[in-house]
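Just so it is clear, A, B, C, D and E label the chains in written order, and each chain counts residues from 1 on its own.
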Amino acid sequence: MILLELLLMLLVAYGVGFLYYGLYRNITARFQRRFGPPLWQSFFDSIKFFLKEESTSHGWMFYLGPIIMMSGAITTLFFIPFFKETTNFSGLSSYGNLFVVLYLLVLGPLGNALGVGTGGNPFGAMGVTRGLSRLFALELPFYIAVIAIMSLSGSADISEIAAHQSTMYALAYPLLFIGALFSFIGMMGQSPFDVVGAPVEVYSGPASEFSGKFLALLMSQSAIYTFAKLVLMVNLFLGGAQGFLELLLKTFVLFLFVISFGSLYGRFKTPQSIDFLLKVPTTIAVIGLILATWS
Amino acid sequence: MSSVLFVALPLLFGFSTPILGYFGKNAVAYVSTLMQLFLLYLGFDLLLNEGFSIELISIAPPLGISFVVTKVSLLFVLLFTSVMTLFSLYYLSYRSEKPYRDESKFFILINMLLAASIGLVLSSDIFNIYVFFEIAGISAYILSAYEKSSSALEAGIKYLITGAVASIFLIFAIVLIYIYIGSLNLGIIAQHFELLPFQIKLLISILLLIGFGFKVEIFPLNFWVSDVYQGSSTLVNALFSAIVVKAYLFVFFHLLYLFLPHGEFSLFLIYLGAFSMLAAEVAGLRQSHLKRLFAYSSLGQVALVFTAFALQNTQAIQAALFIVLAHSVAKMGIFFALALIEKEHESMESETLKSLNSPFLRVILLISMLSLLGIPLFAGFVGKLLVLKSLALEGMLPIIMMIILASLIEAVYYFKLAGYMFTSDKRRDVLKVTWAHKTILAFLSLLLLIIGMAPFLLSEYLFEASKLMLGGVS
Amino acid sequence: MSIKRSLSTLTLSGFTLSALLILSFINILLQNVATNIERAGDGLLKLNSSEGVANVVTTVVVYFRGFDTLGEIAVLFIASLGVGLMLERNTECTIKVQSNFMLQSASKLLFPIIIIFGLYVMIYGHLSPGGGFQGGVLVASAVLLLLISNKDLEVPHAVISALETLAGVSYVLIGLMGLLLSDVFLFNFLSPNIADFGLLLSGGIIPIVYIIVGIKVGSEMGFIVQNLLKRSDDV
Amino acid sequence: MFEFFNSPEVINIIVIIGSMLLFFVGLFGLLTQKHIIKIFMSIAIMETAVYLFFIGSLFKLDAIAPIMKVADDTSKFNDPIPHAMILTAIVIAMAVFALGVSFAIEYYKLSGKTNIDTMNEMRH
Amino acid sequence: MMINLSNYALGHIVLALEMSHLANFFAVLILLSMGTLLFLVKNYALPKSFYALSALLSTSLFLIVYAADYLLFFIGWEVMSITTYFLLSFSVSQKTLHKYIIFAMSSALALFIAILMIYSTQQSFLYSDARESFELMGEFQGVFFLVLILFAIFVKLGVIGFHYWLVDAYEEAHDIFTAFLSAVLSKMGVYALIILVVKVTQPMLALAIIGVMTSIIATFKAIQEDSVKRVLAYSSIAQLGYIVTVLGVADGMSGALYHSLIHTAVKLLLFINIAGVIYMTGRDKFSQLGGLIYKMPQSFVLLLIGIIVLAGMPPLGGFSSKFLIYSALLDTKYLLLLSGVMFSSASAFLYIYKLIYGVYLGHPSHKKLESAKEVSLSFLLPQYLLAFILITLGTFPALIVPYINEILLESSLTTLSFTHAGELISAFAQFNGLIVMSAFGTIFVLVVIFFVSTRSKAKEAKNRFDIAYCGEEPDESTHLHYGYSMGKELARVGILRAIIKNSSSHFYEYLGKQTLSFAELFRKIYSGKLSVNFNIAILFLLLLLWGSLR
């Protein structure tokens, strides 16, 4: 039974993730006054890549990079419950907690970084460096906000946090939410914090040595991670969801906000983004934390 | 057996050296050593048989002079005799390679030094103490200038001038004592000292402090010490720090406990001691000449003993006695080893240690230095611990901190030396150490370890000794 | 070597310090005048008639406080040893003594007189003012006179050495004899007879020891004087 | 005319002030002089001052030198101990002085220096 | 079990040994380190004295651990410091050695003062009287006592500001001894902190703040380093910072103990691994290493396990201890501190990745590295053992909870609840290590199966130059060892520059210089002129006279 549920969760995440990706491409295209690709283009791309052969390999660790990333994405997904106040579609979340999820979110990228490193492409190393340099600054406001709400809810369990929100935390503690949102934009790989991927300048960034199935895996995990992160965010700040409709609505609103934000702003250089993240969102989050827990 | 022999025999030896000289070159050396061994036997004999006796000289005290043998004075007598015996044994092997010129005079001098130090400890007559003060002083001046180089002579002159000035203050104090109390016997003086007019009491105390202060190397009267150590020959330095200072220290505090049993000056002296230690160690920080460096370390250690004695309670005195023993043994080890190094390398700069190629000497130096530092497992630790413990019981935190700070500075320069010895790889040829030297040095180091690990072997005796010393039997 | 004779800081501070110190000494001493109390000396005076000789100072020096004297002899001995050690191979001389005829004649005349006077002071030290020290120094001064008047003269080292050895050893031996005979170091084992008080042969070991002291002092002083005066051979 | 000198108080004051003035001379010399021999002389002067002070302080106007016959009354004699002590002390001081002079001579020969402040063979 | 040594008392000193659970816990850490490091010994030609000193060091460590009174503890502490000095002297430069000993002696002597302060209130050195003695102290004395103790411990731990000696010593020490330094000697600081501070006083917020600052600053310092051992040294400091933090809050002991165990194991693993690399290649800088993955695959995997633990990622043991630390902080509502800890933890990824990337991944920096081979079993075996421990603790995180509970009970602290070995339950939350491990493991295997089954013939790269490189064709002469100094650009960020560029070394150098010039002054006084000296003496006499007459 649980296995079935997990499979369903995976399928939902996979589908919705690619749907959102398609939407993202379309919406950005509209922002830029052009027409984007068909909605499911990315999905078909990934299927196509799965069927292609990979051009070059650099040994077993090179294989393992994307595989670990994929596994990380799926594991993360399983530890995030979709709905509050029900055990349906809660996956394995009762065996873990928010800390586990926070770390699992990083596990995938780390595995990827290993694969990239093995590939020996200097541009890959460049991308990884950017990603890791930015990582801690990116996470900090998010961590502060998450810690605050954990403390407010008196639990580290995600579904309990979701259930604990009589008014959603985003409204009750807007500063925390704003702080976390900056991080979230970065975590979603959106401008202005998207220097890691930097698709134009650095030749697909970390992924430059991956092709064929590797690229397919990367795309799939990206879709799953996107959805997982959105669900997590909804659970933590937007009061969770009670049905698929509410979940899709809330995640889509969040997603829409993130991509519109991303389309509006230019990209920061790595030191700039670190500087910005450590100054503005962190300060906001710290103030939010102090206000929220001052009693 | 009589304790007067401790003084009479060395004097007899000294006076009769010309006769001994007829029996060949080595006769003086061997007779001297034999005599010291006999004195050692005598000391143990006294220790085992009575442990307490009053020896009359000419007529009975309080009118005449007498020697008082107690456990504590016997402790010092034994210490001096053993140090001197070891010194002679060491020198017997050393002299075959680099003897002092005019050796028989050297033997006279060290024996006179021994007699005077013992006399200082045993005598119960203050003018007699002055006489021994002078004998010890004058032998030390000559020993210090013995090598007749210009630096040795400079050391000798500085030593002599300071010694002479010290003796003026001492004789002034004695004169005042006789004028105002009318006796020279320590016991009688002690009885009447309380009753003196305040100003006179103060004047006498301060004159005694200044007079002995030069000799017990207390700040700010100790500026001559470093020059003397550096100028004198290395072996002789062992005697200076193991015997001479210790004798003066004992006498000074013996007098202090007798005259001022209620510790009127105690606090001041404690601060003085602690500050002396700090000043000495700070001055030692920038030294590169080994003998001078260890002179400062001697100053520091002596000041620590001074502080402990100044606390004027049995625990602290016991601690002081521990340090006295540990310091004497350690300094002997250090100067004996340095003498060998100096003979080989002909330099006493601390960089010399970098090229020292003798694991044995390195270990000996190391053990001695660690003991001086008060590292656990070595004898120095017991003393330092007990001192600090007594200070802690008195609640004297600032003093503890001064002493600890001084120890830290001491550690810095000792470990600089250790670093020189143990990290460099530019070595000379192996420095050969004869088995006799090895035995003596190993014995000294072993002694440090034994006292350090099993202080309870000595603690009881030392505790009784300190009780006697504080009680002021005379 | 020229020492600047200006009013330096050191002079000022030295003057101030010593003046202040002396003033405070004087202040204290004047405020606390010593009273007439019973002192150890009075006890010794009482004891003297049964154990001592006519000259009480001699009794004190040689007998009551004989141990101090032994120590003092030792100091003298060590000092002369030290002077000898320092100056023994003294070949270049800094003081050139040119003795003239007057000095030479006078010294020949005076030498026996001084010697005899010295010996007298030494031998009668226990009856009249004087004693071993004074006599010894007188003898040494006679030697000094001889030495400065005649540059070629040198008192043989062996003689001095023999004398001082003899004196020193016998002093300690007398002390040890007392220890042996009556368990007291330097005991007057030739128990003085009160009837002899004031005679030349009285006081047991006291005159003997004082003569020994005299010999010792004389020879040590002579040795020191000779060493300090020793001239180079080529003058 | 000078009868007032015969009172012990006056004598005492004279002894104290006089000997201390002598002490002052010696001390001043010790603190300010540089020549080795002058230093020795200063020390000798200080010692002499102390001896004078001692003898003078215990000097009794009406007493005589302690040379006695068998049954003399002991109270009429001066205290013999100061004499004996000073006798010993003088000889000791003389010995030290002689030794010091010999050191100084030898040092002068080796280094040509007589100024104690320039004695700095060992500045480390 | 308590062994009283008061028979051998000297004066009123009572000495005692005690086998408490806490002591046993740290003894196990010592034994673990010694046991694993012994495997390595035969690879190096070590002088005999090295073994003798190591034996002495171990003895002193056990003395520290099993002492039940401050005096024996102090003896152990000082013997440890001195023995360490001589063990360092085999390979360390004189400057570093001197730095070490100054700090070590300052630490030991500060401890000595503190011990004497404790003694002076109740005349007892025993631990059992310590709390009471501390309460009897005056306020000023109490604060002073704590400052001294903390100084002593911080020096040993290398808390930022007191780490001046540590990094150089770690870098230059013999590879085996570096491992021992990091794995055990720093734990003695933790033990001292527990025994001397935590058990004596109330939880101290200041301690927690210092811990957080330490971990953050040390992490950024580590990121800037090029030498592998220096990175690990700073990493040690940062990890100990977590322990200090958690010991500063109530109920933090469990996390501290757990993390001590994990840190000991992981640092042993990492240092042994790096020792193997250095042994094989003779190089210890990221800029000189790289591309060793297929030359030393087993080492690579072991290091991978090590860094995952170091990063504190699930499903390995590192997460279990981090989880306890986070929970303790969350439970006591030190939220900003927790943010700091997590921030430092996240920043650590940068150097953690560099550890594996700079050594094993990318391209070799030099031709010589191409001939490197896998290290011998003596290096691998202990690593496998440690990796096994770490994986086990990740899968069954509550395996050691019963033992930790014993220790907590002994100190009368609240214990952790325990259901089964797979589930670690803290005061705030719980997680099931078994499930996390099996979920990740299963998914991983499934993805691999899926990937392998759909895999068509993949073309293996001809050689390592077969990469996309801006249209150029790289060859031997092309510099491809990229990114080994990643994180350097952080210095451009204004806020971080303050952390990275400032150093306590300036302060200590200034202090040293000032001390030396002060010493110079005294040296001059002591070789002053005789007449000046007499002036001083007479002045002293005068002051004394007037001072007492007044």
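Everything that follows uses one rule, which is that a contact is a pair of C-beta atoms (placed from the backbone, for glycine too) under 8 Å apart; a residue touches a chain by one contact, two chains touch by 3 or more.
Note that the structure is a prediction, hence the values are computed from the model and not measured.
Counted as hops between touching chains, the shortest connection from chain D to chain E is 1.
The chains touching chain C as well as chain D are B, E.
Chains that touch both chain B and chain E: C, D. Taking the CA centroid of chain E as reference, the farthest chain centroid is that of C. With every chain reduced to the mean of its CA atoms, the largest distance from chain D is reached by A. Just to note, of B-D and B-C, the chains joined by more C-beta pairs in contact are B-C.
Each chain gets one centre point, the mean of its Cα atoms, and the points for chain A and chain B are 79 Å apart. Distance between chain A and chain D, defined via averaged C-alpha coordinates, is recorded as 100 Å. Centre-to-centre separation of chain A and chain E, using mean CA positions: 34 Å. Here the spacing of chain C and chain E, counted between their Cα centres, is 75 Å. Annotation for chain D: residues touching 2 or more other chains are 27, 30-32, 34, 39, 57-58, 81-82, 85, 88, 92, 95-96, 99, 103, 106, 116, 119, 122, 124.
Multi-chain contact residues, meaning those touching two or more other chains, occur in chain E at positions 527, 530-531, 534-535, 538, 541, 545, 549.
The full set of touching chain pairs reads A-E, B-C, B-D, B-E, C-D, C-E, D-E. Only residues 9, 12-13, 16-17, 20-21, 23-24, 27-28, 31-32, 34-35, 57-58, 65-72, 74-75, 77, 79-85, 87-88, 91-92, 95-96, 98-99, 101-103, 105-106, 108-109, 112-115 of chain D touch chain C when the two sit together in their complex.
Those residues of chain C lying in contact with chain E across their complex are 10, 13-14, 17-18, 20-21, 24.
For chain E in complex with chain D, the residues that touch the partner chain are 527, 529-531, 534-535, 538. Within the complex formed with chain C, the residues of chain E that make contact are 531-532, 535, 538-539, 541-542, 545-546, 549.
Listed in rising order, the residues of chain E touching chain B in the complex are 8-11, 13, 71, 74-75, 78-79, 82, 85-86, 89, 92-94, 97-98, 101-102, 105-106, 109-110, 112-113, 116-117, 119-120, 123, 141, 144, 515-516, 518-520, 522-523, 525-528, 530, 533-534, 536-537, 540-541, 544-545, 548-549.
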